Amino acid sequence: MMQDTEPLDDEARAEREVAEAARTKPWQPYLDAALGFRNHWYPAFFSHELAEGGVRAERLLGEPLFFKRVGGQVYAVEDRCLHRGAPFSARPECYSPNTVTCWYHGFTYDVRDGRLAAIVTDPDSALIGKVGLQRYPVQEAQGLVFVFVGDLDPPPPLALDVQPGFLDADLAVYPRGERAPVASNWRLAAENGFDASHIYIHRNSPLIVGQRRPLPLATLLCSREGMVVAADGAPKGVVKGSGKRVPVWETEIEGIKVRSRFLPGEDGGPGRTSPDTSMWLPCGLKVDPFPTVGMIQFEWYVPIDERSHMYTVTWGQYVQSPDRAARFHADVDAYWKDLVTRQFNHDDVLAREQIERFYAEEGGWHRERLYRPDLIITEWRKLASAHNRGIQRRRAGRTPGARP
Amino acid sequence: MMQDTEPLDDEARAEREVAEAARTKPWQPYLDAALGFRNHWYPAFFSHELAEGGVRAERLLGEPLFFKRVGGQVYAVEDRCLHRGAPFSARPECYSPNTVTCWYHGFTYDVRDGRLAAIVTDPDSALIGKVGLQRYPVQEAQGLVFVFVGDLDPPPPLALDVQPGFLDADLAVYPRGERAPVASNWRLAAENGFDASHIYIHRNSPLIVGQRRPLPLATLLCSREGMVVAADGAPKGVVKGSGKRVPVWETEIEGIKVRSRFLPGEDGGPGRTSPDTSMWLPCGLKVDPFPTVGMIQFEWYVPIDERSHMYTVTWGQYVQSPDRAARFHADVDAYWKDLVTRQFNHDDVLAREQIERFYAEEGGWHRERLYRPDLIITEWRKLASAHNRGIQRRRAGRTPGARP
Amino acid sequence: MMQDTEPLDDEARAEREVAEAARTKPWQPYLDAALGFRNHWYPAFFSHELAEGGVRAERLLGEPLFFKRVGGQVYAVEDRCLHRGAPFSARPECYSPNTVTCWYHGFTYDVRDGRLAAIVTDPDSALIGKVGLQRYPVQEAQGLVFVFVGDLDPPPPLALDVQPGFLDADLAVYPRGERAPVASNWRLAAENGFDASHIYIHRNSPLIVGQRRPLPLATLLCSREGMVVAADGAPKGVVKGSGKRVPVWETEIEGIKVRSRFLPGEDGGPGRTSPDTSMWLPCGLKVDPFPTVGMIQFEWYVPIDERSHMYTVTWGQYVQSPDRAARFHADVDAYWKDLVTRQFNHDDVLAREQIERFYAEEGGWHRERLYRPDLIITEWRKLASAHNRGIQRRRAGRTPGARP
């Protein structure tokens, strides 16, 4: 095999570290987090998807949420009437700006705080003002509606739960990103997006082939140096770090040479083909630059339930003026959005869905055989286990006498 | 808010009673009855749906039943051969009037008593005459085929298990009512049909809007006076009773007036818009008058399994002659049947289906927050718990070695 | 009833034996074998379905298998990468003749022994050569690819796990038989194919009616004489044996005569209408002759999972020359294949699927009521319990934290 350097000591050390971690699995909280981590901010949808006075429903971390925008501000409450569990979203009714009324018996809640404000069918009920829906703090930023799924009051700052730089004032974020449900647990998505060697699945992606872009078969990354980022008062994540990266352009199988489709020419090279990739609590990815120089791709894998997540993607660019921001948005509309989502990310979706069965039904979390490049994944699992703010659990609740 | 009277003492008392009942839940048998109550009569289908010599299959309370009409009489046995469990209905075979033969190995049963009468493939078998299918007593009345799902022999009189008046000789019952499976537990249907305040879901029903019918937002009914009907030797049920009813025509939310769409004029009024509604064991509703003066609506919510029920609806009218009965049937055919089922009851179906998840999967029976108008529901749960003749249970039976 | 002979002592004895066996159920291993028997050879597909260099995936006994043909030889390995459980078959990649590469991270296995031969994304990984996939021995015979699902090394001879005669050099086997998944447990299929009295389901099969073939309502077979075949070093099975067979051509139900549609004429008779049927471990049936004199029908019911099996059917004929074999194949193509599978076996498929619910969900294995002709089935269950080489079990593996 052709390789740029001799094997590093780092590599041998990485091999031992991954093997040891795979054996001891020091990430039990992560294994328990099939529904995600509680007490974090999650992107629920794009701001443009909810107009003034409008409502919408989304399921996050197994919980049904009902959103309403009033006076510009988005509010979120449980999408389930306290009385008999009817979802407001089945027939949304709003008699007044700040309320939602359950279509079944007229229980009316103030969406700003969840409080039961009136009952159409029993205006003098003693319950009024005394009970309320779970409310979810909401904050909009960069064209996304973030919601806090948890119990901390006040919630921690949003800035702790987004990818570094995402809130920068001079970062223009494309406001009409993609959202699509994917049939896999959110952790498989996080690990794939971030996986040091999954680049291999993209060698036939139309984006790569169409642009004749030099892409190594893999880029070995084995050093933990600079990998874990967990300073107080800042987002917690794992980045590819400052360890040496070794691209693999060619290998050999049964004496047959296997080469990357396009080898680097004068102007190609590792810098161009190996962006900085990093994964942040609770479930956000940053790839910089991607898909081209000057652009940053942001992804989120928001748990819907144990077997599916909402895949949210958008892009950012640092700009000096609103004019440049507008040009950037137009470029994404015209070219990048479709290219990335339909000609590149679909391969990632396939990967997540194809391994779901192994992890959900066949004991994959205990049978998997991690290897050296998975060092970055083992570090992520450890970081997520150490720095999450809680494990999301299903509320009990099979009906007595009901059949599974 | 505008209301006809000052709050009643009754109302305060109802508030306390519902709160107390919701806390102590004195209705465990009802909670256990996901499959319905055993040892009761249930309507299986309309008489016209089974012609002489014909057969049909229905599932009731989780049990598969096979019906055959012979010499005018309908018989019912288990739709499952004793030998290897094949359902007769998969390929019904009848060599003789009183028998059904299993298409698989020719086990032949007398439908009148369930007895194994012959085996085509082993005419001398020692089993013949010694074993038999579970049989189900059947009785036809008012154009419906009722079947007794239980073990009492003889069964109690049908008259104890139908809505009062249903068997009256001068009540003409429409013979071609509606039957449709609905995806919710039967108890959610019973409670909806009977719910003192669910009228709210009908304010936009086409039947109401199209007729410009004055319909209050709700009719408060808070007194237990006359509510429970449980005399010996008569049907057991809960009726709206003789307590004062307070219609709510208008309320206010965030300072915004919410009014009924059509207010009562000279000839409108509570009597017209608030029929007597009552719910009877095992699962029958009576609404009198409805949909118009002189008509009575009858409904049944027969458990199919834990997550679905058969919704059966028909109408009755007291008449003096066969001629008037025929005119009544023609009126239902031409006008009322479609109007009620497609333009009114579909709202009830939505309600039942929308709360099914909460009750079946999310612990709704223990999380619900009942309020004052639910007094009639708590009374129903207590009555049903006290007067049912048994809880229907699933027969055990996962295959050894089978995977769930 | 009309019968050729007086009841036999054998019949009374059979009656007692079946009743006793049904009571004591001396076949616990069989009850445990919802997924089939481990350590046996199973037909996976027909040879023509896998061309040189080609690959295909099949699920057998709950396990995912990946097949590849190299240099004429078929190899099989687990269809699930060791690393993260991705199925190779989702995107098959083969860089070299003897390998398959996982499309996700480039783990490359030698299909001949399952060994991890290379990793495209980490060419120097210490894992290479040290770990491997489960491999499955494969042997082709008579146009079928057989695979050994088990752990014995070396596996026992294929000849022990096929129907007697199937490997005979002068038996021409039709190479393009039928394969179709059926929604029932494999044991219900085995017992149906072999069932002494299930002939009853075929009396209206188009093959029988179209040929005006005399077919008795049943053929009683009650003697164990010669039934169990379990010599050392030979296939283990149960055959109809040498006991006297009593055809039932007519019976009576409620005084009504029930006759076979076509009674035997001069040239008809038991020999023609009652072929030798036998069932062999692990799951193979032989019917000789069928569908006509000189042809033998072979069937297999290979477990896919607990609720489905792959139904594989083909035919054989003893021939003296390749020329005669070619004519036989052409006859099957032109006539027999469609006739048997579409106009006869579909009745068997119905039977298996219709009793699946009873056995899988309603405790059928403990509620069934076997009768005298089921002697052959009780003998099969005992033989299978005594002579299988292991019970196939699901590998544990619900994800911690995952919801069922």
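All chains are identified by letter, namely A, B and C, in their written order; residue positions are counted from 1 within each chain.
One rule holds in what follows: a residue touches a chain if its C-beta (ideal position, glycine included) is under 8 Å from a C-beta of that chain, and two chains touch if they have at least 3 such contacts.
Only a predicted model underlies this, so the values are computations on that prediction, with no experimental measurement involved.
Could you say what rotation angle superposes chain A on its sequence twin chain B, using C-alpha positions and rounding to the nearest 5°?
To map chain A onto chain B, rotate by about 120 degrees.
Does the chain B and chain C pair touch with the same residues on each side or with different residues, judged by whether over half of the numbers are shared?
Mostly different residues.
Could you give the separation in Å between the centres of chain B and chain C, each centre being the mean of its C-alpha atoms?
Distance between chain centres, rounded to whole Å: 47 Å.
Mind pulling the residue numbers of chain B that touch at least two other chains?
Only 404 qualify.
Using the touch rule from the top, collect the residues of chain C that touch chain B in their complex.
1, 3, 7, 11, 15, 31-35, 185, 195, 197-201, 217-218, 220, 248, 251-256, 258, 305-307, 350-351, 354-355, 357-373, 391, 394, 404
Contact residues on chain B for chain C in the complex?
Residue positions touching the partner: 80, 82-87, 90-91, 95-99, 101, 103-106, 108, 117-127, 131, 395-404.
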